[in-house]
Each structure stands twice: as structure tokens, then as C-alpha cells.
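In the two assemblies presented below, chain A is common to both, partnered first by chain B and then by chain C.
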Partner chain A sequence: MIPISIVNGKYFIFDIDSVKRVRNDHLIIGTLSGTLSILPQQNILLGLPLQLTSEEALWLTEMGLGYLIFNLKSSGLNLEPKVAGDETRLNTVESSDSDRKLEIYQSESVQSELSADLRKIKDSVGYQTFKFFKSFQNGSRYAVLPGMRFGGKYLVYNGDPLRYHAQFIVQPLDYKKDDIGMINIVNNGRLSTGVKKLWVVAGEKEDGSTECFSVEWAGFG
Partner chain B sequence: MSLMEIIAQNLVHFHLWTSIQTFPKSSAKGTPHGVVRGVPPKKLSETTSISSTGETESSTTDKPDGDTSEEWVLPLSISDKLTVENIEQIFESIRSVGSYRPKRIIAGLLDDDGSVVYYFIHDGLVKPRS
Partner chain C sequence: MEQEEDDLLNFDSSNQPDDDFGEVIQDWAVVAQKYQGKKRNTVPKRGVKDAEPLAQESTTYDERMLSEARNTMYEALSKTRRVPVPGNGSMDPLTIRYDRQTGEFYMTQPKGKFLETLGKTDRDGKTVWMFPEEAVFLVERGSCIAKYSDDDSHVLSLEELYSMAFANPGDYEKFMCYSHLKRCGYTIQRHAEYDEMIPLVTEVMVPVLSTKRFQLGHLANYLTRSLSWFRRLILPLVDRIGLFCFNGGLSRYPLLHPQHFEFSRYFRYSSMFSQLQTVFLRPSSHQEVQANQQTKYRICFNIWKPTPGFRKKSPPVPDFQVCVIDVNSTNFPSFEEVRSLLGRCDSHTVKKVERTSVATGPDDFKLKYGEKHILICIIDQGVMNFVRLNDSSFASEGLIWQDQWLQKKKFAPRKGGRKNRRKQ
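For the complex of A and B:
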């Protein structure tokens, strides 16, 4: 299991082997965000740690691939009253041998407390769509990145983003409530066709499955 | 003249479509202004759908007789509201009037000045054109 550190409400992987594993095996890309302490202004080439989006962190924990850890001093989380229950247990986390520490970290109660923030997005249409693409075609075939660059919520790549162009600009919507918007069809349809992608609207049905429709300029008119 | 008729006329006289057939709202239930069936002068681009099992399939329609040049056009006004559920209902509505569920429909959007733009709405995920 891969340790995901929570620092200041954000999610990071500090270990290079873990970074390689999530990228190669699960197409979790994240963003490298660390600078060198002697050159903190140099931000063209960034290194460890790898920062994860909330969706990526939640997906890794849900799939049983990662677990959350915290740094009491910088996390801002107050675990003492709710999780630890007793002082001794928390002290164990802080001081004991690493095996025991890991066991406590990975215990359900500690993990559920740490993932409280993440669980807020669990039922959102956005995360349901993220999960749909991550599990499409039996597994980690698609890389799902934030889609700001093309005006969508997510950009979906048919493999590692360094090797492939994105195929879909995805807009998650509430299946019954959200209006797609005629102007949005034209805007996003025209833009996505121009950059050889498709604009995909996705909504989660009542039975939990996700329905998608892809919009593309018809080539005339 | 209804919105559907305007779109049908635009297809016939401006884009030179043939075999136009219109299905008003009363028969194509779930569509905002009815639906138009027709054949474009040149076959429109083929699409390859991506299924959840990993198989890809090339075709434009699931039409039983294998004629793939037929297209379904959904007339829309620029002020219409459409949810993802509505699109699903429209596909099902076309299944009931046309006896098969098409792989894609074409949204024909009419603006106030009479200009019409056409956009494919594919059922599910398809491969982008290269």
C-alpha cells in the first residue's frame, strides 16, 4: 500500500517508487510540486513530492492501493479526541516502532477520520464520472486529469499523457437536473472537434451506472 | 412554420438532403420539437464506438438492413433546455418511431436569425476523428 501524506489539507506522495507505481500501473498522474531548498524560486522543473487531486487520493484509498497518513504538526487535523480514544494510542502512533505505527495508521478508524474531507466528494457527480473512466474497460486504461486547459472538468487520456493526446473533454452533470445548454453544445463541440477530441457529457443514473454522450461538430452547417 | 419544418427545409434546400421524413412531437414522444429522418448527399463520417468491454465497432447506425447513410436530426431551439436524461429519452423515442436505436443523432440548432448549426450527439463514447 502506498502512503499518501496529508499536508495542509492537500494530498502528497513523497516516495519515488510509489510515484512510479501509481503512474505506471494505475495511470494516476498527479503534479510534481517540490522545489530544491537551495533554489526555492526555481519552479520550471519540479520534483518530489507528487501532489494528488482529491479524486486521485480518494480513488487510491477506495481501491485499497493507498492509505492516508498525517503529520500532526502541519496537518491541522485534530485526531486526538475522536480517533485515538485514549492518549496511549496516539502516543503509539507518534513514537513506537514502525510496524506498529503502520498498523495503527492503516486501521479503519484512523483511515476513516483522515478521509473525512475526501468523503465529501465521494457522492459528487464529478467523482462518479472520474471513477467511471478509471474503471472503464476493466481497469486503469484511462488517465483522468483536470480539464481546465480545454474548458472541461476532466481531460481523459487513452494512456499515459506523455505518450497520448487526450481523447475526451468531460463534463459531469446531474443526470436529471443539469441543463447541458445549447450554447455549451456549440462552444465545446466546436472547440473539441478543432483539437481532435470529443466533448463528453456524463451523468450518473439512479441505478449507479454512468451514461455518456459524446458531442462533435457534424462537419456541415 | 414549426421549428421542425424549418430544420427539414434547411436540410433539403441548403444541404441537399433527400428522403426527408418528419416525425412531429406527438409521435416522437420525449423530443422537444419532433425529429427528422433523412439521407445526406454524401455519407457523413463513420464513427468507431468504444464499449466497456474493450471492443470497438465501426458503423453509423444499427439499422437492420445495413443501410448506414440514414441520419436522424433533432431540431432544437437555442433557448431549449436539455438534460442528460432527456438525451437518453430522445434516443429511446427514435427507437420507437424508427424501430432501431441509432448510434448517433444530429442536433440541429436554430438561432433567431435563421442560421442552423449541426452537431453529432453520439450514444456513449466513440473514438475522435483523426
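For the complex of A and C:
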């Protein structure tokens, strides 16, 4: 199980072993977002912590691969056992980079309270959208990153982004209701072809499966 | 964002291949070399990527390259954070204290070059108070360590520090923007709007137009205003006189009369255009648009290019100002919000780089950069983009027309017209 820290509503992995594990085994990439102390004056290579997107955190917990931790000293969350005799176990875990004891609650009730936070994401991200994320992430063949660089929801890599270019710019839509729009097709089709990618429109069919359509700007004529 | 800016904010955009804008290709070997002491102070370059794995099933080539790249990265990441080396043996001047009761960061009798731009020195000159983002940044880059104010034995880990420093929603995004710009070498301070209410605007608008235009504006205003009674009383009179005069070839209908163009003759476009030109006063964003006190769009940081002799107590007018937005919770600001933001910001006008041509005509630079400008930092779960908005006053450039533009040019018969069309 991989510990995922919640700070300021964001999800972080602070230790290198977990970073290795999620990357090697599950192709969860996240974003390294700390300053590298050896090269502090540049923005291309950054260091720990690894920031996870809400979808990645949600996926890891849903798959039973990670659990959420919370540094209680700073939290305003009331984590006292609500009922006497509640089976709240307080696990005190040795923090990895100091001898100090970090209080980390691993009990069921706290986890559920924390995952209420995740449920909020499900509502805000839209469970639909998360399903698309899942459909790409499951099987750990594709790496899924936030897609703002190319104006989509997700950027999907056919392998580790460290070695390979992104292949798809994914835009989730409602299969039945949403209009793709001719202008959008031209817009995104031209952009994605220009950067050697495919624009992918993803929708969910009635039977729950994800259907994807890719758009390429042919440039005939 | 404009190119110049981009160069400043993005270390080596020149190295970027055209087809990969925005996508970062990382070469972690640089860090490894740095650790081995081979290279010093190099800005890392971007490495090379393949389009996709060679085959559906992983091949040995793919696996080897990938594991090499990964291992270099992991190795670089697993090195422990650099710890500052004190000059005289005592760590105290390099230690940031965190007060658990008040939640404040401070340093006592600190030393270091970073103090020129960071923190706020107390009146006694001994204590320097710091904002959370400043403290976290200093610890992250290895310039300082952090401890509790009442516990000297324990050095705070980055994880602990993070969870204490970022308490309010949106703090982490702002920190991301802060540390990104800081790593680029800018000097940054919090703007007053960061966590306080937006002050009501009391400034009186200064006329921006030149005196000549200002008078013209008045004239136009006056004319429009007087139009109603002008119509009722004087127009019939003027009509008769005008008709009389026109027949005699002396005068015309006044410009704003509906029949003006039926009876007036113009022989040049420029004289007609200059008659038609409506003179706007600048939208008085300074005066009218009062900031919505509950607005989500706040100017978070003042940014200066690195300037020698920067004094944090009395900083000069900032070069840029930035507003941080999280795409997942906030939309792009509406027109009203943008106007309000531009009205509130007070950064330097972008300085004019020497103009190459002396040609008269519109001032392209002014149109491009405007008087006021604001950066918007858009964050999508760890990915950051900057956008610059500025107000360009096209009206204040006056009439842009030259009669010789109409002079007939001799067109050469088009060769390869298809090619030309494609270029457009």
C-alpha cells in the first residue's frame, strides 16, 4: 500500500520508493513539483514531492493500491472517535526522513472520512470523466497526464512519458447529449495533427463501455 | 504569452523543437553528472524521446532504454536534500522557526543573500518574519532548515512543512506559481490582495489622451449632447442656410446631420475618414469598475526582474503582476473581471525596445503591449501556463490611413499562385 499525503486538498507522494512503485508497476506519472536542491535555478527538472492528480489518487485508492494519510497536527478535521468503543486504531508510524513520530491515522473510520474528500472529487471531476481516466489507466499500458498543455482534458502517452511522446489528446464528452461541434473538430484536429498527435473524443455507451473516436486533420486539397 | 516573456519564464525555449511546444522532455542525466561533480552550473537541456515503443510487446531495446532513463531519474531524486553549510558552525542563522501557536514562520538573526528579497525584518532588526511560501521555498532549495520554535531537536521534514504552510484553499497553487518564478530568478513579493480584502478604488482617473484629442473628445461629446435641441430648434434654420450655401458652393451640412453625406463631396479618403472617426475616451476602468469584494480573481504576487539594489522595504513599481487560477475550480475571468483586474493592477508599462523603423504610423508596440498588463497563471493539477492580458487602446492611435495606400501598384502576373495561397 502506498501512502498518499493530503495537503491543501492536493495529493502528494513524498518518498522515492513509492514514486518508483507507482511509476514502474502502474504507470502513474503525476507531476514532480518540488525544487531540486542541487539545481535550484531551473524549471525543467523538478524533484520530490510528486503531485498526483485527483484522478490518480482516486484510482490508486479505488484499486486498493494506496491509502490516504493526513498530518493531524495541522488539520482542522475532527478525528476523535465518535462512539465510545469505536474501533479506531491509532497507528503511529515512524516517519521516513526523521526520527520523529508522525501521527498517521490508518483506521477505517478516518479513511472513510478522508475518502469523503475523494468522493467530492468524483462529484466535481464528474464520475463520467473518471471512468474515462480508468479506461485508459487500467492495464497500465497508457500513461494519463493532465491535458492542459494541448488544450484537452487528458494527454495520453503510449508508454512512459520519460521516453515517449504523447499520442492522444483526449476530450471526454457525453455520448448522447454533447455536440462535438464542427469548429471544435477543425480546431482540435488541426492542432493535434500539427503536434503529431490524435484528438480523441471519448464517450460512454449505454452498456458502460467507453467508445473513442479519433480525429486527424487530413489536409487534402 | 508573448515570445519575449516566454523566453524569460521558460529557460530554453530556443531548444524546443517546433512540433513539441509545451511538452517537456527531460534529461535527468544532467543531475547525475552534477552529483558526480562532472558538470557545474549548467542549465539542463531537454533529452530525446521516441514517438512510441517499437512494438506492441515490449522489446529489449525499449526496456533497456526505459529502465536506463528511469534509473537515472530515480537516482537523482533519491539523493537527500542538500543541507546548508553554516559559516561559523552554528545552524541558528539558517534555521526557520515555526510557531505552533500562531502558525507563523520567522528567523532570528538570519544570514544569507536571500534576505535581500525575502521576508520582512522586524523593527528591532533581529527577527525576520516570513510568509509560508517563502519558508517552504527556502527549505526546498536547501538554503535553510526548519524547526519548531519550542523544540530544537527536531528538523521538520518537507512533508510536515507542507502540511503546516498551506492552510487556505488555493495556497498550494500560489506556491507553485511562486516557486516557479523564483526558480526563474525573479524577485517576488505578495500583493496586498493575496489574503486581504480588495481595497476600494478611490483614485481619480487621469486623462490618458493627449490634450488635442482630449479637446476633440469634448467636442464630440458636446456635439452629441447638443444634438437633441440642435435638431429641434436650429436644424431647420441650418437646413435652409446650408441648402442655400451648398447651392452656392460655400458650406455643407454639419457632420452629424443625416443628410450630410448626401450633399457633401470628399475628394480624399483620409479627409472623409478623419471626419468619420469617432473619438473614444478610454474605458475608465480606473474609475468605474469597482472591484467585487468577493471576487475569486486576486492579484497574488508582484514580480520584478532581477534588479541590483532592490530594497524589500521600499520596492519599486513591479514589472509584472500575476493572478493565479486553478482550472478545475475557476473559469477564465469574464470581461468585467478582466477590466477590474486591469484597473487594479499598477505594474510598469512594458518598456519599449528600440524601434527599428522610423516610419510614421501606428505605434505597434503600444498596441501590442498597452498601458496596463496582467499575467494570469493557469494551473491544471501540476501543469502551469502563463497568459498575459493587456489593454490596448486602438482609439488613441487615431486615424490609421494613408492615401498613397490606394495608389495603383503594378502587379506582376502571379506565378505559382497556389503556393502563395497556401502560405496564408
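A few points about this structure:
Definition applied: the second predicted complex is superposed on the first by the 153 of 221 C-alpha atoms of A that agree within 3 Å, B and C clash if a C-alpha of one lies under 4 Å from a C-alpha of the other, contacts with A are read in each partner's own complex, and residues count from 1 in each chain.
By definition in this document, contacts are C-beta pairs under 8 Å (C-beta built on N, C-alpha and C of every residue); 3 or more make two chains touch, one makes a residue touch a chain.
Computed from a predicted structure; not experimentally measured.
By the document's definition of touching, both partners, chain B and chain C, reach A:Lys196. Of the two partners, chain B and chain C, it is C that touches more residues of chain A. Look at A:Met148: by the touch rule set out above, it reaches chain C but stays clear of chain B. Using the contact criterion defined above for the overlaid structures, shared-chain residue A:Gln167 touches chain B and also reaches chain C.
By the document's definition of touching, of the two partners only chain B reaches A:Phe213; chain C does not. Contact with neither chain B nor chain C is seen for A:Asp25 once the two complexes are overlaid on the shared chain. Common to the chain B and chain C interfaces on chain A are residues 167, 196.
Touching chain A in their complex are the following residues of chain B: 10, 15, 40, 44-45, 50, 52-54, 76-85, 87-88, 106-109, 116-130. Considering their complex, residues 10-12, 19-24, 26-28, 30-31, 34-35, 43-44, 46, 49-53, 62, 65-66, 69-70, 73-74, 76-79, 81-82, 100, 137, 140-142, 154-160, 162-164, 166-169, 171-172, 176, 179-180, 183-185, 327-329, 378, 380-383, 385 of chain C touch chain A.
Partner chain B is touched in their complex by these residues of chain A: 136-138, 167-168, 173-183, 185-186, 189, 192-193, 196-198, 200-203, 211-221. Taken in their complex, chain A has these residues touching chain C: 5, 7-10, 12, 14, 16, 19-20, 23-24, 30-45, 47-49, 51, 53-54, 71, 73-75, 95, 97-100, 102, 124-125, 145-150, 158-160, 162-167, 194-196.
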